[in-house]
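The chains carry the letters A, B, C and D, assigned in the order they are written, with residues numbered from 1 in each.
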Amino acid sequence: MQRVAITHVAQSSGMESKESLMDFTYRVNKEILDKAGLKRREVGCIVAGSADIFHSGLSCANAFDWDGIGAFLKEGSRAEESAFSFIYGCMRILSGRYETVLVTALVKGSENPDNDPITSFYGDPFYLRPVGVNESVVAAMQMRQYLERYGVTEEQCAKVAVKNLGNALFNPYADRKRRVSLEDVMASERVYDPLKALECAPKSDGVVAVLLASEERAKTLSKKPVWLSGYGCSMDHFHPGDRDLLKGQLPAAAQRAYKMAGIDDPGKQIDVAEVCEPYAFQELLWCEHLGFCGEGQGGRWIDSGMPLMDGALPVNPSGGVLATNPYPARGLYRIAEAALQIKEEAGEHQVGKKVRTALAHSTHGFGGQCHSVVILSA
Amino acid sequence: MAKEEHRIVKGQVMVPYEVALGKTWSMFYDFLKEEKIMGKKCPQCSRVLVPPRSFCPRCFEDMDEWVEVSQEGIVETWVYVNMPFFAQELKIPFISAQIRLDGSDTGFIHQVAGIDLTEFEKVREIVKLGGRVKAVWSREKKGNILDIAYFEPVK
Amino acid sequence: MAKEYRTMRNDVTLPYQWALGKTWSRFFDGLKDGRIQGTKCAGCGRVYVPARSFCPVCFTDTTQWVDVKPEGKILTWTLVREKYLGQVQEPPYVVALIQLDGSDCGFSHFIGGFDLSDAGQLKRKLKTGAKVKAVWSPVRNADIRDITCFVPVE
Amino acid sequence: MGNAVAIIGTGQTKHGRRSDVCYPDLVREAVTAALEDAGITLKDIDGIVLGTMPSMMEGVSSTHFYFAEAMGSVGKPVLKVETCGSTGQSIGHCGFFWVASGMADIVLVVGSEKMSEGDGQATMTTVFDPFFQRTFAAGAPGVFTMQSMEWMYRFKIPEEKGREAAARISVSNHDNAMDNPHAHIRTRVTMEDVKNARIITYPVRLLDVCPASDGACAVIFATGEKARKICRKPAWIKGLGFRGEEFFYGESDKAIWMSATEAAAEAYRQAGIRNPLKELDVAEIYNPFTYQEMIFYECFGFCPRGEAPDYVLKGTFLKDGELPCCPSGGTLCSNPIGATGLIRLAEAALQVTGKAGARQVEGAKLALSHAMGGVDQFNGVTIVGSEL
């Protein structure tokens, strides 16, 4: 069977950029090609990751993306969420038809309205949108159930924000850089009760690119390629009321990825995880679903210190989505960060332990309607 | 009253965005204020692109060289637009045209006006593919594409 | 958004006319008449509100219509304080998932009818599992806002 | 070619103004039809690919959420792929690669659009950049007219001849649509009707232009092994290509249209086709405008540059001609944009498997399908055959 590797990674800062989206995209793609020593023309295929509604008011995002991602007259495509783009890029290589694929995700959150009005357009115009459902509303309702069903405390949820924003101080690409205490988080406005302002992700700018290569090509392009060893994805019901918001589809997505990667004890076999947590408590819930701790144990898990930077299974050493949230690009940021940890190129936020296997997770939609899990190995 | 079996719900979506021009496009508009049309030249393929880019999409190299192009050019193609649609900016009838400005290597999209546009048959006697047009400037410059008011046929 | 670098406004406004289809037209006609109707799946027996033309789990057409009670229990809720563009109403307001008696899913709607600024009252009235009932709008347009909101039943 | 992949089932809605159904139900109609055609159930599906045109065409963004149940994706992996008008081909390509990668055995691909719910031309205007070109955009007709005029001028095609050939294309597409139960527009038109129809943007008249349709299409892809097991007569994917040019209209030459030319060349290379006019048995071209269809004939190598009108006038592309084009009635008679490119692929698959009913081209073994997207920016091509 063909294998696929990430050979190079490039990313922009998550902070507000003064550049046009086109130039902003170009800089990062130019950088990754230079790093790999490749010309645009030499890349086999290019896949963009961008979403129309998050795309500065430009419909058919791929049209505007095309020049900046270097895709002029090249084989290519676009997926609407960047973990989708990543796996589509991998499929192109695994098919044996391409040796290299460049995957680039891009957005300028600073040009868009806030995430709450934007995500309300996920809702249908008849039932959900007219009663004010958006991603934060569903997350808050999910959090309330999480607190009540398992007795997880608000403080335990707030600790995620403290941890991730703390980690972000060591990540030069992070958007929100501010040391916050547990008291700060707890005292921040309860914007969607019980969710507090500092527990909700910002909206960020961000361009991130990864270069994928076939096994043979990867070995010539990079001294330390990072291999895709597992992938899983799963979609949930549209109406939040049709699901148990605390069960969801992440366990199914994770099981698919673990099966492919031959992982049966994720808490032990995974060395570091980059988890998509647009709301603080979701990191705890997702860690349960990923099998890092038992059902309802998310609160104890963070109390134990396991997911801290120097813990047994560091989660979001980059600062995660709470620090940097370029919405449609955030999945690929997780994947890129996981790859950097394996490559030992994460710089100041490189975790203390040796990383052989890393997990990257992406989610979007109301209460995590769709989840993707990627396992990378050295 | 018999109820309709299926119905339509009307609605509107308004999403505001504020997009950055970046350095290259900001400068392009600054040049328009001075009544100059500037393009950028690719160091590799030597093409001059108007509107300018900070990079050449084909060669994928930075373009740093500004080049002033002519305010006159050839109509590569045009269309007489006389149909209204939602949120249309220009009053109909208008002419959209692709103009190859002398000294550039790309078609520049703008409008042709300055003539009586009411009757298509008369318009096509004046506006022709391959015909020459030149820029007419707006007196007041607002930093947008209509700082060039329109292109008019050169007699 | 006042920015120190050059930007352009790019406001996208688009008009829509969304088709309800047969099932949802009938559901909203019901609301206009003061009835909340669901559809029942012949396969799994679940009752869905709002009504569905097919069972979201079994993927088979639903044919049986059932009336559910205009009351039910709170599954979860949030108090919205955040203000944002194009919001459906002025905050604060409460959005909840409500399981209507006789149905097998959560129904998204507002909870109101009391002073939301009183934290004590809020906590007392908005307990998960607490009973709520629909308040009908005096003006009905055959849409989801024909129910003004749900109010706690003491 | 690597791993073999085949189409084992297709399904389409009745296209047209479908205000009788809500959007998810429209999608489900196509999905159900495709499953029935393949003789499998949702349980057999390993993954689902969805695509529409821009998210805001119908005012709901990221519709993979809204359609989760309608496309049968709950509990399954999904991919949402979108490339504007060429979406239909791009999602087909994604279905192909998902199966070819070995990560899935059977993948369901769904494309849809409900044009009656939004304002198509106003939405398309938002594809143009807000900095330079949107001010002058006049929806799709404006652009396609500019392109057609440039092409005729470049190759010195007399206006009368262009008009005559375009009218012939309109007449033949309308004739063909009479054989297609899914088609939106099913009325015969005469040459005189076309030439006297209301002017949209000169020289393009109403009957030169596609309708705005509601519709969905689903296509099921499988590994060669599965296909042979499940399907009596699969349609094999022989070659595919997708190309895009610069974003700004006018920056590349639309009379030559490199993206269309090179997308087809890539697909031909993979399929081993050297003389498309001789080797292809049928083509389903994305032809929202009559004049544009002729430009595609040239880009796809069906005839030399500038000679498409001659070939049209001698009947080369008629149903009984040397290379029948759009026996389904084409995009000109049904255009639910996000589905349209996939419909072309589905129609091509039906042709090479002998399942096209009244629109069947006798003995068709090798077929080209195509879609175009953006402001004349993108082109995707897929070639299917009755044999691997």
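Odds and ends about this structure:
Operating definition for what follows: contacts are C-beta pairs under 8 Å (C-beta built on N, C-alpha and C of every residue); 3 or more make two chains touch, one makes a residue touch a chain.
Please read all numbers here as calculations on a predicted model, not as lab measurements.
When you average the Cα atoms of each chain and compare centres, the chain farthest from chain C turns out to be B.
Pairs A-B and B-D differ in how many C-beta pairs touch across them, and the larger number is found at B-D. Measuring from the averaged C-alpha position of chain C to that of chain D gives a distance of 39 Å. Mean C-alpha positions place chain B and chain D at a centre distance of 29 Å. Averaging C-alpha coordinates per chain places the centre of chain B 46 Å away from that of chain C. With touch defined as above, residues shared between interfaces to two or more other chains in chain A number as follows: 18, 20, 22, 53, 56-58, 66-67, 72-73, 111, 113, 117-118, 121, 125-126, 237-238. Multi-chain contact residues of chain D, defined as those touching 2 or more other chains: 19-21, 56, 59, 68-69, 74, 119, 122-123, 126, 130-131, 246-247. In chain C, the residues that touch at least two other chains are 5, 7-8, 10-12, 14-22, 24, 28, 56, 85-86, 143. The part of chain B that touches chain C in the complex is made up of residues 3-22, 25-26, 29, 86-87, 143-144.
Against chain A, the residues of chain D that register as touching in their complex are 2-3, 47-48, 53-57, 59-62, 64-69, 73-85, 90, 93-94, 97-98, 100-103, 123-124, 126-127, 129-131, 241-247, 258-259, 262, 266, 373-375, 377-378. By the touch rule above, chain B contacts chain D in their complex via residues 5-6, 8, 11, 13, 15, 19, 21, 25, 49, 51, 57-58, 76-83, 85-90, 94, 96-98, 106-111, 120, 124, 129-130, 144-146. Residues 1, 3, 5-22, 25, 28-29, 85-86, 142-143 of chain C are the ones touching chain B in the complex. Across the interface of their complex, chain B is touched by residues 17-24, 26, 29-30, 33, 39-40, 53, 56-57, 66-67, 70, 72-73, 108, 110-113, 117-118, 121, 125-126 of chain A.
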